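Quick one: the structure is below, questions incoming.
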Amino acid sequence: MNEFRLDWGRAARTGTSEAVLCEPKSAAQIDAIIAHATELGQRLLLTRLGRRKFSRLPVRTREALDYDEITRTAILGGLPAARGTGRIAIVCGGTSDVPVACEALRTLAFEGEVATLLADVGVAGLWRLMERLDDIRRHRVVIAVAGMEGALFSVLAGLVPCAVIAVPTSVGYGVAEGGRTALNAALASCASGLAVVNIDNGFGAAHAALRILGEAPPAMPDAV
Amino acid sequence: MNEFRLDWGRAARTGTSEAVLCEPKSAAQIDAIIAHATELGQRLLLTRLGRRKFSRLPVRTREALDYDEITRTAILGGLPAARGTGRIAIVCGGTSDVPVACEALRTLAFEGEVATLLADVGVAGLWRLMERLDDIRRHRVVIAVAGMEGALFSVLAGLVPCAVIAVPTSVGYGVAEGGRTALNAALASCASGLAVVNIDNGFGAAHAALRILGEAPPAMPDAV
Amino acid sequence: MNEFRLDWGRAARTGTSEAVLCEPKSAAQIDAIIAHATELGQRLLLTRLGRRKFSRLPVRTREALDYDEITRTAILGGLPAARGTGRIAIVCGGTSDVPVACEALRTLAFEGEVATLLADVGVAGLWRLMERLDDIRRHRVVIAVAGMEGALFSVLAGLVPCAVIAVPTSVGYGVAEGGRTALNAALASCASGLAVVNIDNGFGAAHAALRILGEAPPAMPDAV
Amino acid sequence: MNEFRLDWGRAARTGTSEAVLCEPKSAAQIDAIIAHATELGQRLLLTRLGRRKFSRLPVRTREALDYDEITRTAILGGLPAARGTGRIAIVCGGTSDVPVACEALRTLAFEGEVATLLADVGVAGLWRLMERLDDIRRHRVVIAVAGMEGALFSVLAGLVPCAVIAVPTSVGYGVAEGGRTALNAALASCASGLAVVNIDNGFGAAHAALRILGEAPPAMPDAV
Amino acid sequence: MNEFRLDWGRAARTGTSEAVLCEPKSAAQIDAIIAHATELGQRLLLTRLGRRKFSRLPVRTREALDYDEITRTAILGGLPAARGTGRIAIVCGGTSDVPVACEALRTLAFEGEVATLLADVGVAGLWRLMERLDDIRRHRVVIAVAGMEGALFSVLAGLVPCAVIAVPTSVGYGVAEGGRTALNAALASCASGLAVVNIDNGFGAAHAALRILGEAPPAMPDAV
Amino acid sequence: MNEFRLDWGRAARTGTSEAVLCEPKSAAQIDAIIAHATELGQRLLLTRLGRRKFSRLPVRTREALDYDEITRTAILGGLPAARGTGRIAIVCGGTSDVPVACEALRTLAFEGEVATLLADVGVAGLWRLMERLDDIRRHRVVIAVAGMEGALFSVLAGLVPCAVIAVPTSVGYGVAEGGRTALNAALASCASGLAVVNIDNGFGAAHAALRILGEAPPAMPDAV
Amino acid sequence: MNEFRLDWGRAARTGTSEAVLCEPKSAAQIDAIIAHATELGQRLLLTRLGRRKFSRLPVRTREALDYDEITRTAILGGLPAARGTGRIAIVCGGTSDVPVACEALRTLAFEGEVATLLADVGVAGLWRLMERLDDIRRHRVVIAVAGMEGALFSVLAGLVPCAVIAVPTSVGYGVAEGGRTALNAALASCASGLAVVNIDNGFGAAHAALRILGEAPPAMPDAV
Amino acid sequence: MNEFRLDWGRAARTGTSEAVLCEPKSAAQIDAIIAHATELGQRLLLTRLGRRKFSRLPVRTREALDYDEITRTAILGGLPAARGTGRIAIVCGGTSDVPVACEALRTLAFEGEVATLLADVGVAGLWRLMERLDDIRRHRVVIAVAGMEGALFSVLAGLVPCAVIAVPTSVGYGVAEGGRTALNAALASCASGLAVVNIDNGFGAAHAALRILGEAPPAMPDAV
């Protein structure tokens, strides 16, 4: 039995590449997937690959990867040439949200999109956001990353005309533990037109942003 | 058997008067309580008294009450002379939050405190809050009332030095239904020093504000 | 005291107009807001205005509105000329989801965008979706509306390169009651790049779509 | 006191054998149970026996077991001759769901049923499922194993006439964490006639499948 | 725009017919669906059609339906000849669960299957179940319907070899309100091999039972 | 088919009589049950029989019942002679909890036990509880009834040696809505030895109290 | 500052002794408490004292304790003479519930009560319970300990007249994880008169049983 | 990119200083923040800095900090001169709540406020609270810290006129696990005027208390 079948037609169908969510997979499964992609000469993005699991991969596999511990991402096959720059801003509520923001950054880079990162602009000190507002407004898409009560999402969406993708994070404790409070705040925002992704899902936010930028691939290929 | 025993010593012990939560009581129970207070010549505040239940009270009882349908409050025995003015601001995120804000206003009035009400200063249009910030900062206590995602709480607390009491409201739908999202946002706020009360609890926020203003009653009476 | 302050600068800041969520407001509040907008000659979109509350508005107010009972929306001041057509598809899982889909349709029409509606393409009979796939793929943005288990979101996002906005609905019973199951399915989708809005929030999905279409307004006006 | 009493009459009553859920038991308790079964010459299936706990069993006990780390199952007494083949298909949404699928596979093997496993046919790349549909339809029972948003359940049940047993898995993060989202999606499916078991319960799905295949044992024995 | 597209190929694909869930649909939508089916000469099952909504249908439509208020089901086009009898038992924990049990009964009858109903055999008086055990065991499939704590599911599944489908009901109050407690009890049962459907989903249980009885339709038709 | 089978042997087995929970039953079902009990000359307690449903019973049935609207209980066949007095105290946190307390009182009376009711002894005014402490301590069992935050349970259990049964009520709003907060407070109490029943379950508390008083019936009868 | 004040008057007030919940306390705090009790010559029961924390206590402290790893309890000062035997039965659903059952057993022993333990009588194999029913019925109080779906509580309470205290355990996975399912099943039981304690709270069940056995201490001492 | 921007104007705006929540930050981030503050000569409070993460900081950084393991707080730059004493009492329900209480104590000390700590005055032994009531009443603000069922909050608020800030803690197990039960009890309290902060948020309670003491800073500075 083969435990995986990679979906190499995905980019043609949806405009973004297949990626591998490593958290629930064993090191053996991940290694087999990488071997298969290598064999086919395919590039591959791996997400949620913790340091411990990474270290359990064979040396040769590890050496083939560009691994980043903070974002828990690994890239096989290197980065492509940039296809766009300055179209996507990633705005980050607190220092603690940086890893999730950088997961989005790396995912975009994997697809050739160079994004701008603005860290620590949470609303507890509103001047930090206000100072950068003109800069933020110049982008077509804003990925907003925030945990705790997620007030940044509403304030930001009330101030900019860009497409805004909210990434709630699991940063917080007590009622904020796990990220549900930030998630619900994004969904229930009084500022209209916010689009939301799953908790800590920097990867998904990047893909949503790429869909928004568009440049749709040609008509659907045969093998749907 | 007597179904109620009013706690007339409460003001002496805690600084705020006994009040009657009417929602879970029958019209007959409420009428008996009012009759008892009338007999003793005691003033009384009734909260969450819906129009339908109010209309089921005997005419004589209804005539003795100063009833307000929007806040669902009734006052027996009239208002006292003002003991303070301009010390408490009530800031209201949206038009829909006004009834809860006014429950706080009426509760404060019942205790002789005249508060300032500032409505519809939600963060989706931040200029509305900014315009009034200097005014708000002049108060010792701010009661902030907001539903949906409750982002107002964090923005406000990050801008003023006053004691801030957050009253989340049940305004909203989907994930905001029932007020839990606004409540959790207040509790998980990135702006420190927010104090929170139960959902839709304008009454409780008013009492918390009065405790803060202090003027503690003399040493505890005998009948604790 | 004035219970509302409309945010007429919102379109300049964010690209979409102020709207009035009627569900938590009293008929008197809604009437006052409409009177104010009429006085200023402003167009206005009202959402979640149930038939019963609508019927409690004064006749003159009712006559000024273009009211639609199924979507519970009302429009003051008529529709603008279309600024775009065929850019947004609204795909609807079941017949029961039509009212939410049409709230999105009306919201878009209020902003001059003419969208395409494709109803009853749920995944229980997959051929219904497959038949229309080529048509759907031609749009820049797809608003997908589905309740129950929300499987439509994943299937669709795996097949098209467009920006996909998922609107989970409260259609369903038992564990689906209230729409949380469809919401979570959209957020946890195995198909990447889905953007999600609150349950039953056709209005918000329309605004998110408009942000995506972009045509950003000029630099932020003074009164932020 | 004896801490356990095995239910050897279960197969006669219900058609499936007694099994031992090891997760909440101590190594000492598990060892005693195995010793008792060995003494009676009874075969035994142990589930949710983690590697660490397995390694704390005495060597002799470990050697008597056919242990599989991935599925965390152990079999005492070997496998019986196959009583059926090709009647049950196990369809697996993602590579991460393979361990749960294989728990079902092993449980069936313990009862003499040889099932077919089809891995990684998730709906994000629908062609993977479509390719295998004819094969799947040839089975009497399909066990579908999927985590995250569980859209596979609905798509599959809408395409095949077989009995379909959904096994939601705890694969996922954010709102999918713990498996509740996949579970609710299975229960709320728009495709009718799905039967659902507990999260990660490959063992239970196998037993449900065996009940469906029937071959009911003779009339209930005396010792009910 | 057409708000519905019925899936007449469903029986060929899945073995059970298309049905119409009426609760979230308007009377106008339901009426249009019935008119369409009538035109095509198709039989139709309608579920969760409350008395009030039924009474809002046009007289001619109402007269064409065989409506049952207790189960809230309506049948268009009459019942088919029985294709099976005595293969499915419906066992009902309490008198309050009878409407859900009868929804299953009617759904089966619509497909030509005559089931046996055994009411009020809850475990608080265990003798009621024990008395009928021999009778129950003679069926190939048992649909067990119970609310409150759902202990019936475990007791029954521990005593019979049949396929057991648990239908938790929303009967109960306090922690049992809404049926989650009975649902979770069915899913977490210590008796293995239970298959579970959504709360109050007698319809779904009937379809699951029909899938189990099998008699699979021929190979999948073209229009999947 | 018969929709009910009363468990007349229950008193012999468990010491407390069969009762009928009316809320989820139709008026027709309730009427049939009463007719059956009348025929057999059996006394019967009916609980959660709302005024509206009661009024839908036939006149002759209504006249046969001793109905109490506040507790929503009805008694068929009158009260027995008292078998005990002063052994059970019912302590009630607030006036709003009186209906639940009186459901316990009526249930006890139906079994011949005369209990003492002490109302409105909530902890917000602790003196009310303290005044009656000596009286309360003289009983063998205390049924404590409280909603909101349920602090009464802990305070009381820390002060008396009696068996204490906590009945959380659904009195409250916001986070207290539905009674979960009071329920969890009772279960998590820092005062040990509290026994808890379902929310608003005065009936169940009465039966638990009767089990505690004991006077066990003779050995189990044949028809278990 | 002193971090603890033991409540030595508790036995006089409530009939059961002060005990120390160790889980949330540091080893240093626990050691100080034991030292204080030793100094006063007081016996002490410690609960939820895990092996790791126990091993961090000073040797001299450890030697003074009778520690039991399985129940995580420690006793300082030895056991008293038995004051009662055979009055309390502890019935245990599964082998995995034994540690919680034994926590109750040890707690009772600490107060001089010798209870009977009956393990592994879960309802999946009902004969195990039936065999012991006559024995169980002879006790005044039954403590029932069960996890997963907790069906044992209802079956047992429907068969015996004794006071029944349900202790739900956290044994289980998926929807049963954490014990909420078993807890809710106990609270929502169709068998009336069950009294429930917190999840895994064998200690609390023992104290509830002791309150039921009664032998109330003399009138309340002065230092309440 | 710079991952943090400290908000040195916060004290001027809100009266309380910027602090660093360390739990979700990496050791590298924390070290960089401390280096930056050191460079500017700013004092800094760090919270939720666990022992393990503290030990991963460079030696030089560790030496610059006044670290307290129990409260997980660290102070850079020493304590200021006391600006007030005896105005705030911290009342602690149980020994297990001491760490959270001491987090409040340290936070106050960092701002120059010397508070009084009263430990282990839980309501299970009410005399412990009563003994100290006169002392408590002499303070302007009371911070009440309690876990489990949080009954202390209501009892205390019913007895004192001070501002009362409730800090629910995560102390407890079963339904109390995580602190939600204590939190909800504080919010739903029958004693009015309680103000509540997030679970385990001793830091936030201290800041709320400081806001209440007031001494508002001068008018808002420019850089809001």
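Every chain is named by a letter (A, B, C, D, E, F, G and H) in the order it is written, and numbering of its residues begins at 1.
Just so we're on the same page, contacts are C-beta pairs under 8 Å (C-beta built on N, C-alpha and C of every residue); 3 or more make two chains touch, one makes a residue touch a chain.
Small disclaimer: the values here were computed from a predicted structure and weren't measured.
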On the document's contact criterion, could you list the chains that touch subunit A and likewise touch subunit F? B, H
Determine which of the two chain pairs, A-H or A-C, is joined by the larger number of C-beta pairs in contact. A-C
What rotation angle superposes the Cα atoms of subunit D onto subunit H, in degrees to the nearest 5? 180
Among E-G, A-C or A-H, the pair repeating the A-B interface (over half the contact pairs identical) is E-G
Rounded to the nearest Å, the gap separating the Cα centres of subunit D and subunit F is 43
Could you give the separation in Å between the centres of subunit B and subunit H, each centre being the mean of its C-alpha atoms? 26
Using mean CA coordinates as chain centres, what's the gap between subunit C and subunit E in Å? 35
What are the residue numbers in subunit D that touch two or more other chains? 10, 124-126, 157-159, 172, 174-176, 180, 183, 187-188, 191-192, 198-199, 224
Every pair of chains that touch: which are they? A-B, A-C, A-D, A-H, B-C, B-F, B-H, C-D, C-E, D-E, D-G, E-F, E-G, F-G, F-H, G-H
Residue ranges of subunit C touching subunit E (in the complex, touch as defined): 70, 95-96, 98, 117, 119-121, 124-128, 130, 147, 171-177
Going by the contact rule set out above, which residues of subunit G touch subunit H in the complex? 1-5, 7, 9-10, 18, 21, 23-26, 29, 33, 48, 170, 178-180, 183, 198-201, 223-224
Touching residues of subunit D toward subunit C in the complex: what are they? 93-94, 122-126, 148-151, 153-155, 157-159, 172, 174-176, 180-192
Within their complex, subunit G touches subunit F through residues 10, 13-16, 19, 133-134, 137, 140, 157-165, 183, 187-188, 191-199, 203-204, 207-208, 210-212, 214, 216-217, 219-220, 224
